[in-house]
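In the two complexes below, subunit A is the common chain; its partner is subunit B in one and subunit C in the other.
Right, the complex of A and B next:
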């Protein structure tokens, strides 16, 4: 196959997936649509974490807290009658600012220390959600969160709201695609691979570290803003530390540092429990076991396996070509 | 004043348990770069193993021995052979994430095979109060404190006074040189995993009578142990001990004097402040940053 046909095949495959995501769910029931919407929302949050962790190499255990901040912002503002778009803007700015501040420890400490600072932040955020009754209604939670009207269409029903989630996922995907191909994305990777070399090449590592945190967190906020109207009721429980750990596992299982990693990771984390429903209470145990086995086999996740396979095939093809070319070269000599 | 004394004794008792768990945590980090996110679940599990033995009709003392031995087999040997050894060459982060998955697995297994409800657990120290300098102090707190401190002292003596302990330290600090001078590094690493398993089983035995046996109780314990290890110093056993005692006392005092709602926030804030201003911990040595 020539490079051009390969490219067209890839584009055709991408379009087929998008078409399937749009048309197949049309006759899904309420629950199926809820699960798919949840997948879209979690993918957005995991994409943010993939930027921070996968591309910029900064470990964060606080992404769940940012989803929570986004969700509470949306819930509080929309129940006061303000539009969801406005809440989205506030969430993004708020999470960006808090993420920027959370990045400061990353300038001083790395790896496991950073993991623990962000873990502490996650716990603090949970305590605020639970205890500040005047703002978040505490353990009783906020109910009757309205779904938005977009361009004159009401999105109360599950299908239209699924399209809202899918559309948001599309916009975020394009933005992230653009970002990782921009000089910024390359600076993030440089930061991950070798911070000192990046610094000596004139990259302002300080600014980019903070940026990686801020942008990743802002995407967590976007996911939260969609989560609140999706469930229409929020309380502090879903935003505890385990959401942050789940999101981290999604990124790693899918393939950290791969563009499509979060899509796959979120699909496994959200859909696998549904497929394993027949095993009743055992599904989380099986999920944990599957994650451990996967990580032992391939620490770079599922896309890591694919990547390894493709590299191997390319190496084999190259050596086959060399074998063919060898006699010619020898006769020429 | 009597209130403060009670709080201090109770704080030191829980703190001593945190210290035991934190010491195990730092041992694993030092010898094999394992950040064990399942450490809290490791403390939760042995109590259920002991309960299961007791349900089978085994007397309490035998159940304790059974629980400790089985935890050393599962959480020491099994953990090392089946999870850490295959993962270690992949680096710190994938291994840490695998232990997170392990934590979920253990929690769910206990919930599924045992119970989602909290179960009472017999105390090895008799209940009641004892008079100390004319004040009544809970016998259970004192007993826990005494047992935990003797465990910590025994471990410190093992590490610092015996040839075996010196070999373990050598294996942790510089495996290459240790191997050259004839230290069986692999066996020493296995030994630290067994010691960690023993310590978590002991902590389980001491803390479960206070907080009941519940599948989710590992989360809080694990976090307390991480914080204790970092506050005290990640690369020092005595740092972890000091950190554990400090966190136990701070936690209890915060509950009494700050607010019960935000008691969990105080150790977290302490953690953030320590990491920002003294990342090597109160008693730790600075680690050189790897390029």
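Right, the complex of A and C next:
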């Protein structure tokens, strides 16, 4: 198959998936649309973490806290009559700034030490959500969070709001695609693979580390801003450490450092439990077992398996070409 | 000729051990200075002190007359100082072309233009030229991690030149490279030195490589400068023969 054919096949497959995401849910019930919207929201949050962890190699156990900050910002502002788009702007700026500050420890500590720093931040954020009643209404939470009117259209019903979530995912996906293909994306990879060499090539590893944290956190904020009107009620519990761990699992299971990893990881984390409901109480056990087996077989996640297969195929093809060229080269020598 | 690099009394101690003990030397524009000496004599530590990877315990480093002691490696790179490491340091997941673009991209524009500008930072042409120069044409789109050791070494060296440096410090560029590729590498380095007036400092154990490439050779032993001179003078120096070259 030629490279052009492969390219067209990939484009056709992408278009088919987008069309399916637009048209198939039209027949879904309320619950189905909620689950699919949740997938879109969690994919955005996981894309942020994938940027910080997968591309830039900085461990973070705080992504759930940023989803919480975004959700509370949206809930507080929209219940006061302010527009969701304004809340989105505030969430992005707030999470970017906090993420930037949280990146400073990453300049001094790495790996599990950094994980503990971000874990402490996650706990701190949860305590603020729970204890600062004057702002967050504490354990009682914030209810009646409105869904927005966009371009004159109400999105109160599940299907229109699903399209809001899907559209947001589309915009974020394009932005992240742009980012990782830009020189910044390349610098993030350099930061992950070899920070000392990156420094020697003029890459300001400090600035890129902070940027990786800030942008990843801002995407967590975007996800949170959508999460609040999706559920229309928030309390501190969904934003505790387990959300950060879930998001981490989404990134790792899907394939850390792969563009489509978060899409797949979020799909498995959000949709698989629904599909496994027929197993009743066993679904969590089956899920845990599947994750353990996957990570033993392929620590680079599901897309890591595909990547390994493609690399092997490419290597074999290159070796075959070299074998063919060998006699000619020897004659030339 | 003006001095591109001036090193004065550089010292570096690790606890009670003095790895570099008051080393001073100059490197002039267009010169290739070889740095030789037995293992553990402080060559790589000296490189790391010059390049900001380590903070020297004493002394001063100047590049083009400007004091750069203590500057971060990325800041030094922006001033036109580049390096390679003793061990291979390519980015295995990136293709050969992407490695080269990465190596030069921070010299193009600013943070904003690198985000909103073209994804190759306008360096595809320069990268392809470098690929051709180092005879890696057939490997341009291959992942660097899949290349042979010698090919990765060539890529590693090529990356050091992507930012158009004035001064390049090469740490054992010939290590582990087969004879054919070694000849290619020497020829490429000599050509860059000749055509672009680039200045090199080369740490190397391969004496044939050093003696045929370098215009001057500095010998270190036990953290100090043992001898300095033209290759044939150093080769005949009894102290050098005693400490390093052998009889």
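Following the convention adopted for this analysis, the second predicted complex is superposed on the first by the 318 of 333 C-alpha atoms of A that agree within 3 Å, B and C clash if a C-alpha of one lies under 4 Å from a C-alpha of the other, contacts with A are read in each partner's own complex, and residues count from 1 in each chain.
Throughout what follows, a contact is a pair of C-beta atoms (placed from the backbone, for glycine too) under 8 Å apart; a residue touches a chain by one contact, two chains touch by 3 or more.
It should be emphasised that the depicted structure is a prediction, and the values quoted were computed from it without experimental measurement.
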Combined model on subunit A: subunit C and subunit B, fit or clash: fit
If we overlay the two complexes on their shared chain A, which of subunit B and subunit C does A:156 touch? Say first, second, both or neither. neither
Please name the chain, subunit B or subunit C, that touches the greater number of residues in subunit A. B
Return first, second, both or neither, reflecting whether A:205 touches subunit B, subunit C, both chains, or no partner chain. second
Give one of first, second, both or neither to describe whether A:311 is in contact with subunit B, with subunit C, with both, or with none. second
Could you tell me if A:59 is touching subunit B, subunit C, both of them or neither one (first, second, both, neither)? first
With the two complexes superposed on chain A, say which partner A:196 touches: subunit B (first), subunit C (second), both, or neither. both
Thinking of the overlay built on chain A, is A:182 touched by subunit B (first), by subunit C (second), by both, or by neither? second
When the two complexes are superposed, subunit B comes to within a least CA distance of subunit C, in Å, of 11
Let me check the overlay on chain A: which residues of subunit A are in contact with subunit B and also with subunit C? 194, 196
Considering only the defined contacts, which subunit B positions touch subunit A in the complex? 35, 37, 83, 86-87, 90-94, 96-98, 100-102, 104-105, 108-109, 111-112, 219, 223, 226-227, 230, 234, 261-262, 264-265, 268-269, 271-272, 275-276, 279, 289, 291
Residues of subunit A defined as touching subunit C within the complex: 179, 181-184, 186-187, 189-190, 193-194, 196-197, 199-205, 207, 311, 314-315, 318
Partner subunit B, residues of subunit A touching it in the complex: 59, 105, 108-113, 115-117, 119-121, 123-124, 127, 130-131, 194, 196, 241, 245, 248-249, 252, 281-282, 284-285, 287-289, 291-292, 295-296, 299
Across the complex, what residues on subunit C touch subunit A? 51, 53, 72-74, 77-78, 82-83, 85, 89, 91-94, 98, 101-103, 105-108, 111, 114-117, 119, 121, 142-143, 146, 159, 162-163
